[in-house]
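There are two complexes below, and they share subunit A, which is joined by subunit B in the first and by subunit C in the second.
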Partner chain A sequence: MEREANVLIIGGGVSGTGLAYNLAKLGVEGIVLLERNYLGSGASGRCGGGARQQWTTEENVKFMKKSIEILERLPQELKFNILFRQSGYLFLARDEEQLNLLKENVRLHRKLGVETRFLDAEEAREIVPVLNTEGILGATYNPKDGVLFPFALVWGYAKAAKRLGAKIYLHTEARGFKIENGRIKSVFTDKGEIKVKEWVVNAAGAYSKELARKAGVELPNKPYRHEIMVTEPLKLFIKPMVVDLSNGLYMTQTSRGEVIGGIGDPEEESSYNLESGHKFLYLFSRAAIRVIPILKEIRLMRQWAGLYDTTPDKNPILGPVDEVENFLQINGYSGHGLMMAPYATQLLAELIAYGKPSESIERFSIRRFREGEIKAEKAVIG
Partner chain B sequence: MRFKNRIFVCLCEDVTLEDVLKAIEDGNDDIESLKRATGVGTGICQGKYCLNHLARILAERTGKSLNEVGLPKARPPTKPVKLGVFAKLEG
Partner chain C sequence: MPRIREHPILDFKWSERKKIKFTFDSEEIIGYDGDTIASALYASGKRVIRRSFKYHRPRGLFCGIGQCSSCLVKVNGIPNQKACVTPIEEGMVVESQGSIPSAERDLLSLLDALELKHGIQYEKFLGPKFLRPLYFKLFNFVLGSGNVKEEVPKVKFSEGYYPEKEVDVLVIGGGPAGICAAKASAECGARTLLVEERDRIGGELLKQTHKFFGSRRYYSGMRGFRIADVLSKELEKSGAEVMVNTLAIGYLDGKIGVCRDEREFSLVKPKCIVVSTGATERTLMFENNDLPGVMGAGGVQTLMHLYGVKPGEEALIVGSGNVGLILAYQLLQAGVEVKAVIEILPKIGGYFVHAAKIRRMGVEILTSHTIKRAVGRKEVEGAEIVKVDENLREIEGSERFIECDLICLAVGMSPNIEILRQMGCEVVYIPELGGFVAKHDENMETSRAGVFVAGDSSGIEEATTAMIEGEIAGISAALKSGKGRKEHEERREKLKMLLEEMRDNPFGERVVIGKKKMWGA
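Right after this comes the complex of A and B.
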C-alpha cells in the first residue's frame, strides 16, 4: 500500500470516486482513496438512482442541469455504461399548495432554460398510462431528468480514475489523524499510516460527521434511515420517476425492469439504523398502489435501507473548514448526492488542482450555518 | 473449464460461470461486490439457488475459505410477496 499521498480521499462512494476521477483527469498525482467496505457500499449504492433538474431554488436547478449534462457524456468519457435513461421525472400534486409549488417551479425552470412542462392529470396519464388520476390536480414533467444504475456510476469513475493513476484501496478504514499546527500530517488506517502532503477529503457520506470529529471538526450533519425496495422485473411500463408530493413517494423502473421505489417516514428519527422494517412496506405499498393500482398484483422482491446525510438546509457541505487547514468536505448531500456529485466533484477537483473552481462553491461552505440566513431546499423526496 | 460460457450460475438472471470469472478478474473479489457486478442472487429466487455456487467459485478463485468469503446480507422478504398484501398490513 502507498505510504504517502498528495490527496487522500476517504470514502468510495460517488463523491470519493468521482473526485478521484476528476482530479486524475486534471493531472493531479498522488491520489489515494480509502474505502472501508466495498465501492458504493454506503448511500451511493443504496439509493434509487434518480437525477433530476426539477428543484425549487435557482441554485439547485442550475447545479443539477450541469450534472445532467455531465451524466449525458459520462459513459463515453469513462468508457463505461452507467445505464442512464432519460425518461423524465413526473411530479404529482394533490392539493393547492403542491400545485402552486409546481407552477412556481415551471416558471423558475423556464427562466433558467430547463424545459419543465405543467400537465393536467390526463396529460400525466399519457406519460404513465397505468396512472390513477383520481385526486391528482396537476403535474410537472421534465424529459431530461432520468435514472441510472448507481453502482455503475461508482464503478465507472473508479475504473477511469485507476487508469489515470489513482490508487484505490478497498476494505481499508481511516481511523484517525495526526494533526500538527492545524494541519493533517497523516491518516491512520487499519493497514498503517499514510502521510499526506496536501489535502485530506472527507467523502464518507453519513459517516462524515464521525470522521470529522476525529479531526476536531464538528459537522451539523445528521444521519437518517430511508428505506427502499424493488419488485420482480417486468417489461418497462413506468418510464419516468413518478413522485407524489403529498407523501414523498417516488418510483420508477430500473433498466432491468424492477420497479424501484421508496417513501419518506416523517416519524423517522436520526440514527445509523440500516435494518428493514414492516412500517415501510405498509407506507410504500399503500402509497404506490394509490398512484398505480396495478402494482397490487406485482411482487416485492427485496427491501433495504440507506442513510441520508442530512444538513439543516438540505444542501451539501463542500470545501474547506476553519479548524484544520487541509481538510476538505464533500458530504451532507441530504439524499441527493448521486445527482449532485458529477458536478460537485468536478468543482472540488478544480479547487484542489487550480486553487479556485470554475464556479464558486462558497454557498456550500460550512460557514453558512454560523452566519444564519439559510435557504432550505423544499423538494427533497423520500 | 471448456464450456464455462454455457454453465449457468444464476438461472433467474442468466449469469454464466464465464461472467462470474470475468467479474472476479475485474476486481470484484468480495461477495457483496460480486453479487452486484454480476446480478447473481438478485433475481426472483433471491439467491436461494445460486449464492452458494457464487461463494464457492469466489473461494476457489481467491484461495479463501467459504467461511471467509461468507454470503451477501439477506434482504427481506424471504420470498417475493405481492404489494397488495403489504398494503393491508396495519401501519
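Right after this comes the complex of A and C.
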C-alpha cells in the first residue's frame, strides 16, 4: 500500500471515485482513495439512480444542467457504460399549491434553457400509459432527465481513475488524523499510516460528520434513513422517473427492468439505522399503487435502506473548512449526491489542481451555516 | 415423458383423478388434479419452460420447490409466476416470457450462439449519443421477464394499518424441524404460530419414500411421507396455530412481515422466533449446467413422488452421498434406468447399505469421477464425465460420454439463513455444516437473544436430528418467552443427550466437528 499521498480521498462512493477521476484527468499525481467497505457500499449504491434538471432554484437548475451534460458524455469518456437512460422525470401535482410550483418551475427552467414541459393528466398518461390519472391536476416532464445504474457510475469512475494512475484501496478504513499546526500531516488507517502532502478530502457521505469530528471539525450534517425497494424484473412500462409531489414518492424502472422506488417518511428521526421497516412498505405500496395500479400484481423483491447526509438547507458542502487548512469537504448532498457529483467533483478537482474552480463554489461553503447560526443566536437573544 | 403408473410404494390413482386442460404457448396441455404447471408440462414432454434473462438459453425445472427462478412463466397475464409451485386450473393460459415465438423455439437464442462476453453491457453501446435511445430499446427487447397488463385496474385499499398478531413463539418453516419446534413450544403452553410457505406442512419429508433409520421415538421404520402425516396430526393436537401458503418475507423493525397467498400482508410480533427454513440445493459448475434435464436431486424427488412424473428414461447421478444413493434407488423404483452414480472423491460418501443395495441392482458407482459437461441442444442428451487425480484435477484423455436424458445433482445443500442474517445474528462459515450458518448454542439459540434455529438451516444434517433439534429449539423458545415448567427443561436435557447419541457414528462425526468449530468461532 502507498504510504504517501498528495491527495487522499476518504470514501469510495460517487464523490470519492468521481473526484479521483477528475483529479487524475487534470494530471494530478499521488491520488489515493480509501474505502472502508466496497465501492458504492454507502448511499451511492443504495440510491434510485435518478438524475434531473427539474429543480426549484436557479443555481441548482444551472448546476444540474452541467451535471447532466457530463453524464451524457461520460460513457465515452470513461469507456464504461453507466446505462444512463434519458427517459425523463415526470412530476405529478395533486393540489393547487403543487400545481403552481410546477408552473413556476417551467417558467424558471425555460428561462435557463431547460426544456421542461407542462402537461395535463391525459398528456402525462401518454408518457406513462399505465398511469392512474385520477386526482392528478397536472404534471411536468423533462426528457433530458433520466436514470442510470449507480454502481456502474462508481465502477466507471474508479476504473478510469485507476487507468490514469490513482490508487484505490478497498476494505481500508480511515480511523484518525495526525494534525500539526492546523494541517493534517497523515491519516491513520487500519492498515497503517499514510502521509499526506497536500489535501485530505472527506467524501464519506453520511459518515462524513463522524470523520470530520476526528479532525476537530463539526459539520451540521445529519444522517437520515431512507428506504427503497425493487420488484421483479419486467419489460419497460415506466420509462421516466415518476414523482408524486403530494407524498415524495419516486419510482421508475432500471434498465434491467426492476421497478425501483422509494418514499420519504417525514416522521423518520435522524439515525444511522439501516434496517428495513414495515412502515416503508405501507407508505410505499399504497402511494405507488395509487399512481400505477398495475403494480399491485407485481412482487416486491428486495427492500433496503440508505442514508441521506442532510444539511440544514439541503444543499451540499463543498470546499475547505476554517479549522484545518488542508481538509476539503464534499458531502451533505441531502439525497442528491449521485446526480450532483459529476459536476461537483469536477469543480472540486479544479480547485485542487488550479487553486480555483471554473465556477465559484462559494455558495456551497460550510461558512454559510456558521453565519446562519450567528443570526439565529441573535434572534434568540433578541 | 410418461406418468409413473406402477410403483412399489406409491399409488397415484390416475384413473380416479380429474383431468385438467390448459395451454402453454397456445398448445393444449393436459394435466391431472394436483399437478403444478411444471409437473404437467414435464409429463407432457415439455422441458423447456423459459429462456434465460439475457442470452435466451433454454431453461427448465431445477429445484421444483419454488426456490430458484428457472421456471418462471406468465400465468393468465400475470408475469413471473413459478411454474413449479403454481397449481394448474382448467383453461389457464400459460405463456413463456421474452421468447419469440415460444420457449421451445426462441429466435433470440441466437444471442447465446454469439458467445458474448460477460458484462458486455458496460463495455459496449457507449455512443454516439443519438443512438443511445435505440440501445435501450434493444436492451428492453432482449432483457426482462414478461410484460405487465396495460389496463388500469381499480384499486381499493383496506382501512387502517397492517393487522398485527402477538405470539409467544413464531416458527418459520414447516419441515420436520419446524413442526417439532411448534409442537414442543405449544406443549409448553406457549402461544405458538407456525408459518409455512407451501400449501402443506411436512417439507422434505413429503417426498421421502424410504424408511427411516434412527430412533424409534422419531419414527424409525416409517416412510418419510407417513412421518409427515403423523407429525401434522400431532401438531394439530398440540394447539399450535398453522398458517400455510404464508411466506415470512423479512424482519421489519422488530416484527416479522408475513404474506398469505401472495395477497394478505400482516405483521407478527413474537417474543421468540424459531427459524427452521431448511436448505437450498447446490448446483455445480460445468458447461451447460443450466440445460433442461439437469436437476437438483430434490427436484427430481419432487417430480416423482409428489406429482408422479417419470423424470427421464436414463439418468446420471452426480454425488454419492446418501441423497444421491437413495435417489438412485428411487429412480429405479420409478422405472428410470440409472446409468451411473459418479463421485469426485475416491470413496463413496453415503451409507454402505445404500451403496450395496443399488450396486446389487446393477448401478455402477464411479468414484474419482466428475462431470465435465452436459451435452444437448435444448435438453440433456448425454453427459461427458472425466476421471480426476488425487488432487481432484481432471485427467486429460479420460473423458467418457454417457448417454442420458437426466442429470441429477446431489452435491449438497446450503442452509437458508437469509432471515437470520437480516435479524443481525452472527453468521460463521463452517464447511462441515454446509457453509454459512448462524452461530448457536446447545439450546439452539443464536447470538441474538430470543432467536433460535433448528434443522438444516442450522447446519445440514438429516431429518431425525432435525426433529430433535426442532424440539430443543421449541422448548428453549417457549421457556425464554416465559412459558414451560421444570419438566420441560428436563426433557430438553434428555433431548440433548439423545442428539449426541444420534450423532455418535462416523456420519454424525462431521456435524459434531462442525458444531465444535462453530462454538469456537
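Methods note: the second predicted complex is superposed on the first by the 372 of 382 C-alpha atoms of A that agree within 3 Å, B and C clash if a C-alpha of one lies under 4 Å from a C-alpha of the other, contacts with A are read in each partner's own complex, and residues count from 1 in each chain.
The definition used in the following text is that a contact is a pair of C-beta atoms (placed from the backbone, for glycine too) under 8 Å apart; a residue touches a chain by one contact, two chains touch by 3 or more.
Model, not experiment: these values are computed from the prediction.
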* With both structures superposed, pick whichever of subunit B and subunit C touches the larger number of subunit A residues. => C
* Can A:237 be said to touch subunit B (first), subunit C (second), both, or neither? -> second
* To do: Using the touch definition from the top, say if A:281 reaches subunit B (first), subunit C (second), both or neither.
  => both
* **subunit B versus subunit C as contact partner of A:296, first or second or both or neither** => both
* Asked: When the two structures are overlaid on chain A, which partner does A:257 contact: first (subunit B), second (subunit C), both, or neither?
  -> second
* Does subunit B (first) or subunit C (second) touch A:85, or do both, or does neither? -> second
* Examine A:169 and indicate which partner it touches, taking first as subunit B and second as subunit C; both and neither are also allowed. => neither
* After lining up the shared chain so the two structures overlap, which partner does A:132 touch, if you call subunit B first and subunit C second: first, second, both or neither? -> second
* Shared subunit A surface residues [contacts with subunit B and with subunit C] -> 155, 232-233, 256, 276, 278-279, 281-282, 286, 289, 296-299, 303
* Interfacial residue positions of subunit C with respect to subunit A in the complex -> 53, 78-80, 98, 121-127, 129, 132-133, 136, 139-140, 143-155, 157, 161-162, 250-253, 255, 257, 262, 265, 267, 422
* Residues of subunit B that touch subunit A when the two form their complex -> 30, 32-33, 36-37, 39, 42-44, 46, 75-77, 80-84, 86-87, 89-91
* Structure fact -> In the complex, the residues of subunit A that touch subunit B are 37-41, 45, 151, 155, 170-171, 231-233, 256, 276, 278-279, 281-286, 288-289, 295-304
* Asked: Inside the complex, what are the residues of subunit A that reach subunit C?
  -> 72-73, 75-76, 79-81, 83-87, 129-132, 152, 155-156, 232-237, 255-257, 275-279, 281-282, 286, 289-290, 293-294, 296-299, 303
